[in-house]
Amino acid sequence: MQLGLIGLGKMGGNMRERVRRAGHTVVGYDTDPELSDSASLADMVGQLTESPRVVWVMVPAKVVRPVVEELAGLLDEGDVVIEGGNSKWINDHHHAELLAERGIGYLDCGVSGGVWGLENGYALMCGGPEEDVAKARPVFDALKPPGDFGFVHAGKVGAGHFAKMVHNGIEYAIMQAYAEGWELLAASGEVTDVPAVFESWREGTVIRSWLLDLACRALADDPNLEGIRGYAEDSGEGRWTVEAAIDLAVPAPAIAASLFARFSSRQDDSPAMKMVAAMRNQFGGHATLA
Amino acid sequence: MQLGLIGLGKMGGNMRERVRRAGHTVVGYDTDPELSDSASLADMVGQLTESPRVVWVMVPAKVVRPVVEELAGLLDEGDVVIEGGNSKWINDHHHAELLAERGIGYLDCGVSGGVWGLENGYALMCGGPEEDVAKARPVFDALKPPGDFGFVHAGKVGAGHFAKMVHNGIEYAIMQAYAEGWELLAASGEVTDVPAVFESWREGTVIRSWLLDLACRALADDPNLEGIRGYAEDSGEGRWTVEAAIDLAVPAPAIAASLFARFSSRQDDSPAMKMVAAMRNQFGGHATLA
Amino acid sequence: MQLGLIGLGKMGGNMRERVRRAGHTVVGYDTDPELSDSASLADMVGQLTESPRVVWVMVPAKVVRPVVEELAGLLDEGDVVIEGGNSKWINDHHHAELLAERGIGYLDCGVSGGVWGLENGYALMCGGPEEDVAKARPVFDALKPPGDFGFVHAGKVGAGHFAKMVHNGIEYAIMQAYAEGWELLAASGEVTDVPAVFESWREGTVIRSWLLDLACRALADDPNLEGIRGYAEDSGEGRWTVEAAIDLAVPAPAIAASLFARFSSRQDDSPAMKMVAAMRNQFGGHATLA
Amino acid sequence: MQLGLIGLGKMGGNMRERVRRAGHTVVGYDTDPELSDSASLADMVGQLTESPRVVWVMVPAKVVRPVVEELAGLLDEGDVVIEGGNSKWINDHHHAELLAERGIGYLDCGVSGGVWGLENGYALMCGGPEEDVAKARPVFDALKPPGDFGFVHAGKVGAGHFAKMVHNGIEYAIMQAYAEGWELLAASGEVTDVPAVFESWREGTVIRSWLLDLACRALADDPNLEGIRGYAEDSGEGRWTVEAAIDLAVPAPAIAASLFARFSSRQDDSPAMKMVAAMRNQFGGHATLA
């Protein structure tokens, strides 16, 4: 089948390649002409000669809205737009309504896999009507890993991004788990070869996982992670996960702790701990550092 | 080679079987005569005709000390005792000293794998002198999973149990991560088929892992986990991990949160929240539940 | 001066009394005719003969909007509306704009003090233009405690409710602090008279506070809090505090932990811990409770 | 009465002064001859002419043991030793046994109040036999604040230090509560005068407390705490509180979070967050900072 694919960056570029390897035609569009297969969104849509058309949007979250609006004017009734970025699930309903006015279908699809997706396949979490999922099925099959897993039709519009959001929230806490364990092993003198311990865990243990494999790759390059600063960004889904948990009165202490650890890592000095130091000084005459 | 194996319960029994399948001779001892290959510890030692002897202790933590003491009187210089239970690493030094007085070697060896170890192999984290590790190497090779991973000589005496303790601490937080994500998906109406989302994550995602595979097995049996109470025991290693972190001034918020969640799960009513409710009532006239 | 006061429940009723004791005239309105001094909002406004009029809104958060809308049609240019409920600060901007179209001023004012405010005074955290604060100053002076403290003009519209929200977030964590300490003392056999320890802390210690005084009152009534269930509601500000912290990338682990503890207290069974128990059963054959 | 007082540093020196102001005789001993009233422990004991003698030990935790041992050889049957430092409660039993062999009584007494104790009085949490408490009662009365509060006989030997430990654990979380609230107010643009908000909270609010008063003192000196680094030590009791909670299976998430925040504040770079950054880089090609 034919696929229109908007956004050909680190993720989108590899996805184009994987869909093409599966024998499909991909017409890509990117604002960077070096990457793009088309001169404009309109040109891209024009090159899609099959009906219904399927167009995958893989652009930064803040650009999604104008792209969807432009597509609303270019596509026809029965076509389908798939929003594959890390959008907040509550925005999906707006997009779906906007396109529905023109009879255009909308699917939200969380995508996991990172730079490994090209070779391993991308895990896809999709929300929207079954009939629209059916129209895009060959593309989903091309992108997903072989075998039984890696694709789910999670529910109505929004369910895909909600599932992806929770996936990422879980990811934060799993990364934090290994990170705390690594710091503890490194801080203690008991274990003399910490990377070897991590490596050994890759088979037979309860905690074997793909993230552990990646941790071992990182330790193989730099056994003490000396070349890396303890500074971690967050990309929104962790925050939304905790917000959704709060909204639903679900306790999420480990995910929240993981998020706060990232916030702390980005502070040169902790304002809260200034206040703690100031109070200690007031009651105990404890010295403070200037 | 020959192995003496003390403790033939859920773990020890399967380990005996796996070592035998690899072609070695195992003389087991258990206080349950139905399980035991020998009438007593002395009888077991007597049946080990090779020198040096290797004896694996796989008994509950509180029984380790008397067993090691009895072995000190039965074994000869150059023999090796391996403590494979979930002992606290600081106890290993006592055991090693006690045996060293008689010239007997001591290895501590954390074992992961649970009921799956018989088929998949057991991950082994070992501490002690290289020469003693060498004496037991064929047994380690028999127990561990095939391939490059699943065994580490982590350092001196105590390092094996320390590594296993941290492994379990990480395990607590990873389990908590999936558990929070599951509760959030279940609490929200967005995703209509939560087990399908978990199942889909098994390939291609960043959070694929063996624990996720197990979560999916549990959901396949009971999609809403209706037959299981939200009650989780802890077996010591999680507590020791947080204690070790505190001792070394290592922040461990996610592991600690996971431990506290288990504590809470075992309380019919939270004393702390009685106090919170009492204070709210005092200042705001908020109703309390009796 | 004259004050119109809408909402004469637990808080509003006592505030009317305190303002009257200071010599001012209060015309109250409540949907309950038993409590009300006027037949309708319009009647209440009609009874306010001074100009500019000052009207205090003290109604449940969800009713604030329609009340403000109705007042917009009843008041005149130069009058001032004060929103004293536990509203989310972001709503204040909407209210202020709505009234500004008619030339009516708007102040948001967080109120702390609970059932003790009538005698002790109410702490007031106010946001809005200085000129509107000046119009209401005699009422603020009547409501606040005597002395230097208990009133702040915290900033522009929204600042009052934001300050009150943070006040309540802090309150959650302080209550949790005492609650954890109380549970620990009660769980340990070391201290034989736990209420006496709490009582002793009321003078001379670093942790003496009004909340501690209230905890002691509760323990004086019921030394083991046997008559109170460990079940705590939350009223929104704790959630908003954590959400604001997340939005601003501020680590708030103690406040978040306090909020999650309340969520947990309201669950008969923890879904997350069902999942933990299920996974433990899968790998270790650990028994689960049904 | 007469009191022997060992350790005349920041705490002990002020305590000597307060006991003297109450009309008692204090013979102090310190290794610093500038501070000391006696040439040696033996000299100090010799100057105590009343029977039974009461000796208060106010020295750093690591020096307590040798001081108690020396006192065991200097004092007589019926005399009483009071250990007033921040010792771990489990050490009190050793001290008590050691002295009991000589018929000497032992009390453990946690002391709160810091540099303010001289004027306000010291809160005292005491453990040990009633008869020994009676012998020291005039000293307790001299040290404690006037009024009903500030002294408790909490239980047997160890109960005093246990109560003081929990007091400090609570203190950690209360300080963290204000600190998080302060950081949030400062990070948001909503409130324009953050110190004024804190100041206003000192009367009428639910969160008024002595620690809040101290926070306001600190903000009066330095409204943005610019001269203070966000670096907080911990002195042991917070760690012991969490360890005791773990030992008793008591959830203590807010106190633990407060302790971990102090640990983090002392790290130039977070090892755990290096690992998080390394994993993010492995799966997503996210840039790391070197």
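Order as written gives the chain letters A, B, C and D; numbering starts at 1 within each chain.
Everything that follows uses one rule, which is that contacts are C-beta pairs under 8 Å (C-beta built on N, C-alpha and C of every residue); 3 or more make two chains touch, one makes a residue touch a chain.
This structure is a prediction, so every number in the text was calculated from the model and none was measured.
Colleague: More contacting C-beta pairs: A-C or A-B?
Modeller: Between A-C and A-B, contacts are more numerous in A-B.
Colleague: Work out the mean Cα position per chain and let me know which chain is farthest from chain D.
Modeller: A
Colleague: I'd like the Å distance between the centres of chain A and chain B, where a centre is the mean of that chain's Cα atoms.
Modeller: 33
Colleague: Could you put a whole-Å number on the gap between the CA centroids of chain A and chain D?
Modeller: Their C-alpha centroids are separated by 47 Å.
Colleague: As a quick test, compute the distance in whole Å between the mean CA positions of chain A and chain C.
Modeller: Taking the mean C-alpha position of each chain, the two centres sit 38 Å apart.
Colleague: Among the residues of chain A, which are close enough to touch at least two other chains?
Modeller: 114, 176, 178, 180, 183, 187, 206, 211, 249-253, 257, 260-261, 264, 270, 272, 283
Colleague: What part of chain A is in contact with chain D in the complex they form?
Modeller: It comes out as residues 10, 114-116, 175-176, 178-180, 182-183, 186-187, 211, 214-215, 217-219, 222, 225, 227-233, 253, 257, 261-262, 264-265, 267, 269-286, 288-290.
Colleague: Spell out the part of chain C that touches chain A in their complex, as residue ranges.
Modeller: Chain C residues touching chain A: 206, 239, 242-243, 246-247, 249-253, 256-257, 259-261, 263-264, 266-267, 270, 272, 283.
Colleague: So in the complex, the part of chain A that touches chain B is made up of which residues?
Modeller: 89, 112-114, 117, 120-125, 127, 144-145, 147-156, 158-159, 162-163, 166-174, 176-178, 180-181, 183-185, 187-188, 190-193, 196-197, 199-212, 241, 244-245, 248-255, 257-258, 260-261
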